[in-house]
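Structures incoming, each one as structure tokens.
Both complexes shown next keep chain A, but they swap its partner, so chain B is in the first and chain C is in the second.
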Partner chain A sequence: MITSTLEFFLRLSVWLLAAPLFPGIINKVKAWVAGRRGPPVLQLYFDLARLWRKGVVLSTLASPGFIAGPAVAWIAILGAALLVPLGPIAGSPSFRGDVLLLVYLLAAARFCTTWAALETGSAFEGMGSAREVSYAVLTEAALITAILALSVQTGSITLNGMLGLSTGAGAVLLAAGLFTVLLSENCRVPFDDPNTHLELTMIHEAMALDHSGPPFAVVLHGASMKLLLFMVLLSEAVLPLSRLAPLAASMALISAVAILTVGVGLVESLLARFAFRRVPLLLTTAFLMCLFALLLAWKGDTQ
Partner chain B sequence: MSEAVNFLIGLAMGLNLLALGSGRLPSVIRTVATQGMVLGLLPLFLESRFNWFVALLAFLTVSVKGFVIPTLLRRAMRSANIEREIEPFIGFVPSLLLGALGTIAAISCVRALPLLPEHAGTLFVPGALASIFTGFILLVGRVKAISQVCGYLILENGIYLFGMLLIHSTPLLVESGILLDLTVGIFVIGIIVDRIQRAFDSLDTRKLTVLRE
Partner chain C sequence: MNIAISLVCAALALGGGMVLGKRRPGLWLGLTLAGAAAILAASLLVLCGPSDWEWRSRIAIGGEPLHLRLDGLSALFLALLGAVGGLGAIYSREYWADDHHADSAPRGRLWWSAIMLSMGSVLVCSNGLHFLIAWEVFALCCFYLITLDRGRAEVRAAGWLYLASSHAGTLCLFGFFATLAARTGSWDLGPMREHANLAPLFWLALCGFGVKAGLFPLYIWLPSAHANAPSHVSALMSGVAIKMGVYGVIRFGGWLPVPAAAGWIVIGLGSATALLGIAFAFAQVDLKRLLAYCSVENIGIITVGFGGALLGASHADAPWGRVLLAGALLHVWCHGLSKALLFMCAGSLLHSTGTREMTRLGGLWRSMPWTAALFAFGSAAICGLPPLNGFVSEWVVYLGLFGAAVGRGTSGWAAMPAVLTLAVAGALALASFIKAGAVIFLGAPRTEAARNGRESGALMRGPMLAAAAICAAIGLAPLLFWPAIARGVGAWNPAWAAPEAPAPLLALGTVNVGLAALFLAAGAWLARRAAANGLRRGLTWDCGFAAPTGRMQYSSASFSRTTTDWFGWIIRPERSQQRPRGPFPAQSHRIERIPEAVLERVYTPAASAVLRLATSARRLQHGRLQFYIVYVAAGLAALAIITFMGRI
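Coming up: the complex of A and B.
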């Protein structure tokens, strides 16, 4: 009982405290590739602390949903994150089909962010929301297909059961597909530029334009947790962590997440963002990679 | 042995989808050339003992499909002065989805076919069917003549893959004859592409319908 409570708080602290570290590392990698010194790795922590102390500017048009949206989205992302096992530490509210809850919690978070963005009636935020949701249609198809592939491969429908086992030959396809999903879901470069200052091309940033103070801090923290969530999901879907000793498994998970962070930074430095009309093609490719991983999991054994 | 063969055929099936998804002609040509080389290596893995004729055939296939034909196509492309495919009949995303559907259907349906027991575990027949289907999509769905030639080459790769099933009973002379035909065909198409470009100022094959007596 005590160990399970301890494990729960350990996982909670990892998701709450460690998550803002990774956008900082990505920015450091980008600065290093560009030959700049860049912001400190802990910049997001400073930003969160600063935003938390500031007041909120509220539009007279906005309903309470403007404040409630980011809060509900943050809770939904945290709930989704707590379902995911962290290497040797199993996800604690675990039940049959919790993977569906993960997908729906992420969708609920997106719904609430979009809802809050539409509250102020700003045209830019409407545009950003429309893009976010239209990309999400394709991204979610890829994510659900990847989950199906994992489920067919392992014969389990709990996150604890299906993650941490390598999926054999399909692992490469699954890794490529899920990495694209990661980039798209977290609005990283080929889909959206997190550093852009041009409202016309923003997606995630456009949705958060009118947020300020603590709600904006919640949006930023939620986004960093979502990034870490997808990186952990990708690492555990591909690496056979459950066959390793607990210490080795956690080291492998940490190094895999670090490699993914550096990889995202390198992709952002070396790739320009795609034109909007080319994005569906890339997301379809990610969907097809997950689909073929599913096909391998389904047909590969019997052949 | 079967693992390596299946890996190569799976790679070729992935290249099918890559050819369907890319809009730039040089990358389509590169994809088709890579597929030709991958499939050209196949006979080496099929023979249990080293065979000079098979090695010669593999070398010829790789060099013709990987180097000679792409060079001819690139030269035709350069003389026609075109870079990319524009607005195909079937868009890139639909054609990609169609190709994936065809591949999945080929893999799923192959169990219903009465194959020899030694071919049942391999991807020869699904790979061949998927490549033929991809070739058809490219032939029907694309506008520029060079993309259609690439579709024809993928179609030929599929038929070649089918012929691999009969490698022990077909004389290798037939295979090399097909290879020669293919090279001459592409050579002639290269000249025709140049002619189309001069006569119509475009490689859009839709414009060929205005050619009336």
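Coming up: the complex of A and C.
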């Protein structure tokens, strides 16, 4: 009982405290590739602290949903993250079908983010939300295929049972597919450019344009947790962590997440953002890779 | 015995409402509510009690002895009828009041009581002939309710389309029941799985009931009928009436043996219905059409669950089949209630602004806060977002499908595509309702009508709140509702009669309660923090526009443009535009129409081909006597030749 409570708080603090680190690392990698010094790795922490103390400017059109939306979305992302095991520490609450709760919690977060974005009536936010929900159709298909592949392979429908086992040829496909989903869901290049603020062609930043103060801090923190969530999911879907000793598993997970972070930074440095009409093609490719992973899992042996 | 008394009370109250309600709306409301309460009581007695209720009488109607039966399955649908029927009746007192609809309101009350009575009869009749009679009366009541506002041409058109499609379905049902009676030698209905030769009849039942349920591609009547009917009628139709079709398919899929391919076909049909229904919904610009197409999607989800149950039953009563059937039945309740809520919200909007076109609205949360909040709640429920009811039922369906896939049997090949289409349909449903909610309630008003919205009164808000409360209850305490669902599942297949819930449902309920509490707490906490730091109101930034107008906002068509193009092969959007040209553009326009593609591209051409054939055949009938004599002579000669040839 005490161990599980301790583990719960450990996971909670990892998600809450460590998540804002990774966007900082990505920015540092980008700066390094470009030959700049770049902002400090802890920049997002400073930003969050500053925003949390700031006042709020509300659009004259916004309803109370403008502030409630980010809060609910943040809880939904945190709830989804807590379901995921962290290396040797199992996720909780854990029950048969909790993986579907994860998918639906991410959907709930999307609902609240887009709802809050549309509160202001700005055409920018309209654009961003429309893209977010449209591309989500394809990413959700890819994500559920990946989940199906994992559960067919492991014979389990719980996150604790299906993660940390996968190996073999399917894992490579799954990694490629999930990495694309990660980039799209977290609005990174080549789907979106998190650096631009005056582009007609962005998704996530467009939705957060009119947020300020504590609600904006919650949006940013939620986004960083979502990024970490997808990186952890990808690592555990691909690496056979459960076969390692606890310490080794933790180290493997941390290094995998670090590699992914650097990978995202490199992709962002070396690749330009795609034209929007090519985005569905890339997402369909991700879906197909997950689909092939599913077929491989179906053909392969049960673990 | 109590069940019989409740049912008699319900029939008396509803019948009394039909007779006395025309002139006395208050009395009618009382009687209808009493009837709804009695219906609910009867169904709850069956659902919570140990045994079914059955009554055979020697009284014969149409030469057949009366045989009534209320088991777990029909009681589930009866409970939904009681709930939505009662709520809709309260709602209609303000929404379709005598002051504004002096002519149609009394008729509306008459047909409302009649439809509740006839749907109840469909659910309890256990004789094929009586079932057909009740079914036909129910279809007619629906027609009269749809065309309450019959002064408008599009209402009449929608009514006729409904009537024609409904009768095409009834034709299949005539064939179904007549063949059934011929093969078994009796009109009596009940479990008859041992007659293997009845299996092909399942296809007839699927077509006949599928029209009413709105399966793809038989749903053509549904969008226009739901859009043009008064909103309390749309709520009843979408919440309960189309579920009668589902009831028929499930009922006879359980009583009769089914062909081996049935599970595969039904699950495929359900997936197609879910995906295409919601793709059409997202493209709509008319709110009630969007809701109607979303009903098509949800019927698809229910059908997927039922198809999985058929598959499971044919695979040695696999446990995942039980989970899938439970999910389908739970979704019947969940969709019925949340869609009734959403249609009532749509009615509240229509009442206040007079338009169903979303792009003419906007910013209505300020003048209609209750409707806005309830619509957002209903949207979250119907998109299946935790911690509400839609999530629980969809989660149970997914659990069954994953169970089938993980088992790695052949049924996995049906379950895996179904999981994929349901996931895509879920994402599209979220997109549709974000679009509807945001375009209508958020941002700035786009027209004068939207600027002058006003909140509806207590009689309309009350039923909406009650429906929302039941939705929340199913989401937060699914275990409370499980025994009823388990009774329904047991009535369908006695092998699955075990009452215990799948273990994770308790965990899910707990998680949902926790989530709900955390959502509320986080919202309040952030609002307090923001208020403490200081709130300031300012114009929406919008890239530096000093005076944004409502028309600069994203419209409903622009929101769904990308996805509509993905599904352009079936939605077939019609667009025409003239871009602004030159330094002083004189005029420009853009017109976009989302046609009823299946109706306009498939059914209408087919129907006009039949009509053309018939018209050309009519050329033979011109009224000139001498030619008729030639026809008769030619006919006689032909007969003579045939006879003569036959003799050789």
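Methods note: the second predicted complex is superposed on the first by the 298 of 303 C-alpha atoms of A that agree within 3 Å, B and C clash if a C-alpha of one lies under 4 Å from a C-alpha of the other, contacts with A are read in each partner's own complex, and residues count from 1 in each chain.
Convention: a residue touches a chain if its C-beta (ideal position, glycine included) is under 8 Å from a C-beta of that chain, and two chains touch if they have at least 3 such contacts.
No experiment lies behind these values; they were computed from the predicted model shown.
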- In the overlay, answer first, second, both or neither for which of chain B and chain C A:Leu271 touches. neither
- Query: After lining up the shared chain so the two structures overlap, which partner does A:Pro280 touch, if you call chain B first and chain C second: first, second, both or neither?
  - Reply: both
- Decide which partner touches more residues of chain A, taking chain B and chain C as the two options. C
- Item | First (chain B), second (chain C), both or neither touched by A:Lys299 | first
- So, does A:Leu42 touch the first partner chain B, the second partner chain C, both, or neither? neither
- Message: Is A:Leu288 touching anything from chain B or chain C once the two structures are fitted on A? First, second, both or neither.
- Response: first
- Task: Report for A:Asp210: first if it touches chain B alone, second if chain C alone, otherwise both or neither.
- Result: second
- Task: Go through chain A and flag every residue that touches chain B in one model and chain C in the other.
- Result: 280
- Which of the residues in chain B end up touching chain A in this complex? 14, 17, 21, 92-93, 96-97, 100, 103-104, 107-108, 121
- Item | Interfacial residue positions of chain C with respect to chain A in the complex | 362-363, 365-366, 369, 372, 376, 379-380, 383-386, 391, 394-395, 398-399, 402-403, 405-406, 408, 412, 416, 419-420, 423-424, 426-428, 430-431, 433-435, 437-438, 441-444, 502-504, 507-508, 510-511, 515, 518-519, 522-523, 525-527, 529-530, 533-543, 548, 550, 552-554, 558-563, 566
- How about chain A: which of its residues touch chain C in the complex? 52-61, 63-65, 67-68, 70-72, 74-76, 79, 93, 95-98, 100-101, 103-105, 107-108, 110-111, 114-115, 118-127, 129-131, 133-134, 136-137, 140-141, 143-145, 148, 151-152, 155-157, 198, 209-210, 213-215, 218, 280, 294, 298, 302
- Message: For a test of understanding, state which residues of chain A touch chain B in their complex under the given definition.
- Response: 280-281, 284-285, 288, 291-292, 295, 299, 303
